[in-house]
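Just so it is clear, A, B, C and D label the chains in written order, and each chain counts residues from 1 on its own.
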Amino acid sequence: MDLQQILDDIATEVASLPDLGRVATYIPELADVDPGHFGLAIALPDGRVLTSGEADAPFSIQSVSKVFTLALALGRLGELLWHRVGREPSGHAFNSILQLEQEAGIPRNPFINAGAIVVTDAILEGRQPREVLGELLRFIRGATDDEDIRINDRVAASEQAHGHRNMALAQFMAAHGNLRNPVEMTCGTYFHQCAIEMSCRQLACAGRFLVGGPGMPRLIAPARVRRINALMMMCGHYDASGDFAFNVGLPAKSGVGGGILAIAPGRASIAVWSPGLNANGNSLRGTYAIKRLTEMTGWSVFG
Amino acid sequence: MDLQQILDDIATEVASLPDLGRVATYIPELADVDPGHFGLAIALPDGRVLTSGEADAPFSIQSVSKVFTLALALGRLGELLWHRVGREPSGHAFNSILQLEQEAGIPRNPFINAGAIVVTDAILEGRQPREVLGELLRFIRGATDDEDIRINDRVAASEQAHGHRNMALAQFMAAHGNLRNPVEMTCGTYFHQCAIEMSCRQLACAGRFLVGGPGMPRLIAPARVRRINALMMMCGHYDASGDFAFNVGLPAKSGVGGGILAIAPGRASIAVWSPGLNANGNSLRGTYAIKRLTEMTGWSVFG
Amino acid sequence: MDLQQILDDIATEVASLPDLGRVATYIPELADVDPGHFGLAIALPDGRVLTSGEADAPFSIQSVSKVFTLALALGRLGELLWHRVGREPSGHAFNSILQLEQEAGIPRNPFINAGAIVVTDAILEGRQPREVLGELLRFIRGATDDEDIRINDRVAASEQAHGHRNMALAQFMAAHGNLRNPVEMTCGTYFHQCAIEMSCRQLACAGRFLVGGPGMPRLIAPARVRRINALMMMCGHYDASGDFAFNVGLPAKSGVGGGILAIAPGRASIAVWSPGLNANGNSLRGTYAIKRLTEMTGWSVFG
Amino acid sequence: MDLQQILDDIATEVASLPDLGRVATYIPELADVDPGHFGLAIALPDGRVLTSGEADAPFSIQSVSKVFTLALALGRLGELLWHRVGREPSGHAFNSILQLEQEAGIPRNPFINAGAIVVTDAILEGRQPREVLGELLRFIRGATDDEDIRINDRVAASEQAHGHRNMALAQFMAAHGNLRNPVEMTCGTYFHQCAIEMSCRQLACAGRFLVGGPGMPRLIAPARVRRINALMMMCGHYDASGDFAFNVGLPAKSGVGGGILAIAPGRASIAVWSPGLNANGNSLRGTYAIKRLTEMTGWSVFG
């Protein structure tokens, strides 16, 4: 199987797709990006990183950051985390507040916004945002083996300025006693983690610890790797997770910046980026690219 | 890896569990079953079927039947089926009617009751229930290579007599034009498919067509196998599907009779039965058994 | 105050309104009616009945019948009825099933469809539909002092044939044990009560028992009259009840056939009919007419 | 009709009730109040104010303040206000956020918390909270003819400290563009209006402008008076408004401090206070007192 050829073919196919999708518009920093960018990278057990397209261009990872904060939170709290956030698909939009009301302020899973805010709150634990964001960056840089990963402060400020909906989620959970730090502090940290910038190459490398098996870094226990992968499969694409599982068949986490991190257990860490989103808010061309990759490689976990 | 030893060890472990769970009580035929039964069977690519416990005792497969009707419906309608039923986890209970109202009578997926009723309605397509049930039994008997698989008429009659909730779902979908046959006919067929009886050995054999790879029967296209597995992973345990993925990591479908069919792609078809249910309505000891099996074998699809 | 002049002026105003509204379309018998019909009648304590427009044309009273069955049910069960149906506005559409799921099969009030079906079920109480419909007609004929009030069998049959949604509500309540008679029997009775035909003159006379005070027939206790009026105010126009109270200020019950019965306590029973409905499913010109009537007469209960 | 005797009898009856209800506990200033207080006052068209019990003891009016801010907002914006808030009963709890999500940030009515926050935001309109609170106090003092009405700053600060849920509502509406001032400013104003303290005598006098007719102050147009009364009837007791209409039959607004303002159009403005609340969060003994008052006087608007 010539993986480099497959990646090149996918880039060619993607370029000929009629649709670009539409960039996220809620902050100018995302709205102003050209939807036609496309990058793809896969990190393999033998140490190779194969790429096609703009694999070295940095983009805003947004909700993909939730995978890394979840890994940190499980390291800090262990299974106690599950008293504060569930492990089920929500069946609702990523920013829905409805279930919080019906379920006493406990978000359905760590990958919808409410759940990710709780995870960030759990990591904070009385510390300063700066300290926690430093820890997060060290974790990602360590996983990636690349010191050049940063937070875009302009994006963070813009998230904050347009963050009413996330602050509503946070205030609501605070009302139910499910936030332990001041709402502004937890939200501020959350807005900054969403503003981390990485390239596809960096993101593919950062995801290697979720691949498992020989040749891959072991940053957390294998049982925990399996569980994070399970959560990515079940909840990684919000209320389009079923569709992604049906069409692609890999655990993956998308971000509104157009990035997706997907894991082929034992085989590869995959990162793709294309800023144009489909109707579900996931990268249109990125989803297509990973779908084609699993079809060509047979990497679907479902046979 | 001595699989027979693993199965025996699991049976021993299960016997020492403090909890039995509680049998379903909505019909007397299920309520009167001893919750302590336990059977386990795995069908392997080399043709072997390994078992432990009461693997040859027949039980009511109930919602596990939804896997077989889905396979039939995809064979008849192909991808057109997805105009009438979705592919996303519902986030609600298996018999919820709430989303049907909010989503114009289109059920979220084929494994909640509403979705399964639509699937059955799609197979009926103007035919008589007897004809369709015959086709279903032939499909299962063919997959199992065992002619001795039947419908328990007493259970079917009892389902019908206590079927107000399912009839409410069906009437509601009929109001939205998402049933094509008389409500009584579709529901009658559905109640009968739930009353099919199989043993663990039979059910494990019946599931082989979802394992894929050499040594396994190919009854439907590999792409369709992957998709059914994806749906089982995402929706097979209703609103506890996330928990099952998190703890077990295999596509699986449970039934209220205490049976579970799980698929380890490329490796094995697994059937377990224990009538005592947990709080989510899934077999308590059956879930435990499959969880232990994946831990001991490393068969989780998540690494 | 020259009431006849007011009624004539209203008829003239209504005739010049630009909008007719749209007739209900779910059954042909309603869909085929000319939306431009208009009739108005008021029954006064001094025994006079004033009219304008087509006040003697019969129309399908539909949900206005719920007022009469409620009166009968309170006579039979007294306050025990409130164990099976609530007294609060639902905040949802007249045929919504959502709250039934969240509230264990107990409808919010007797004027949404689910609640009215429970009320009819409560009157049935093991009797035959024919007997109960006879009792209902006798009650209405007695209140009206007019023997010429009948059920339109063709409308009833059509309601039945298109009654999937109401049957879904009934089946759902049966599943919760909140129906005591066979679903088909309760629904059949309900479909027939909706098919009663009356003219505005007849309906205004039939409502006199809810006006109270000297000159009006006393069919039920005054405390019960007040309570039925309160329920009409709070719930008589489904999820547009607030709007009706805001604009009109009288207890009233609307029907999808375009009829409205409104009560000015101590002053008048008012019936209006115009088949064209507004966006909320209430008579467009009928609502306008009653609004103008309260403005011209000062009959609003709110000052 | 000897009204003073009726008031005295009610006070005696109330004192012998077995239940006190339970005080609100979300802030210490309310939690520490003795639930057994009871006061009652009625202001009549002839200028008399009759009282019984502790009618001159000040209490926290809390949500009763929503009536006065609504009157102010209608004066400022007129009917334009209804673009930002509805006029229908919500069918949900006073602090529910669920419908806001389903209905694009437009609250159902001005008397649930979300709606009252919008009303306050509409009055602010770029002004400073101090200025708006001054205007509100002037309005209430003018209506009451009593300069001695103040805001309890300690209560206001406590509301703020425990105001996560209200801030969630406000942030959510800000996300939908339905707040025009900074969230903190609108919420700060809202928390202060809830902390206004009045006695029953003062509150009964303050409500006279809603009674209408000769002898009562005319602060707003009669049509607007009717509409505010209609809203109080439909929505004044949150999801127990139907029950209040059914049992009492007067437009009224309750507060969590145990106060209720009720209007008998053309007849009286009624204020009652007893801090123990029933299961719906409305004054237990206060509700009883007004129910008895309408029974003894025949003041129900429903006949």
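Structural remarks
FYI, contacts are C-beta pairs under 8 Å (C-beta built on N, C-alpha and C of every residue); 3 or more make two chains touch, one makes a residue touch a chain.
The structure presented is a predicted model; accordingly, all values stated were derived computationally and were not measured.
Chains that touch both subunit C and subunit D are absent from this assembly.
Ranking every chain by how far its Cα centroid lies from the centroid of subunit D, the top place goes to B. Spacing of subunit A relative to subunit C, judged by their CA centroids, is 55 angstrom.
Rounded to whole angstrom, the centroid-to-centroid distance between subunit A and subunit B, based on C-alpha atoms, equals 32 Å. For the pair subunit A and subunit D, the distance between C-alpha centroids works out to 47 Å.
In terms of which chains touch, the assembly is arranged as a closed ring, every chain touching its two neighbours and no others. Of all the residues in subunit D, the ones that touch subunit C in their complex are 86-92, 99, 108-109, 210-213, 222, 225-227, 229-231, 233-235, 239-243, 245-246, 249, 251, 263, 265-266, 300-303.
Residues 96-98, 100-102, 164-165, 167-169, 171-172, 174-175, 183 of subunit B are the ones touching subunit C in the complex.
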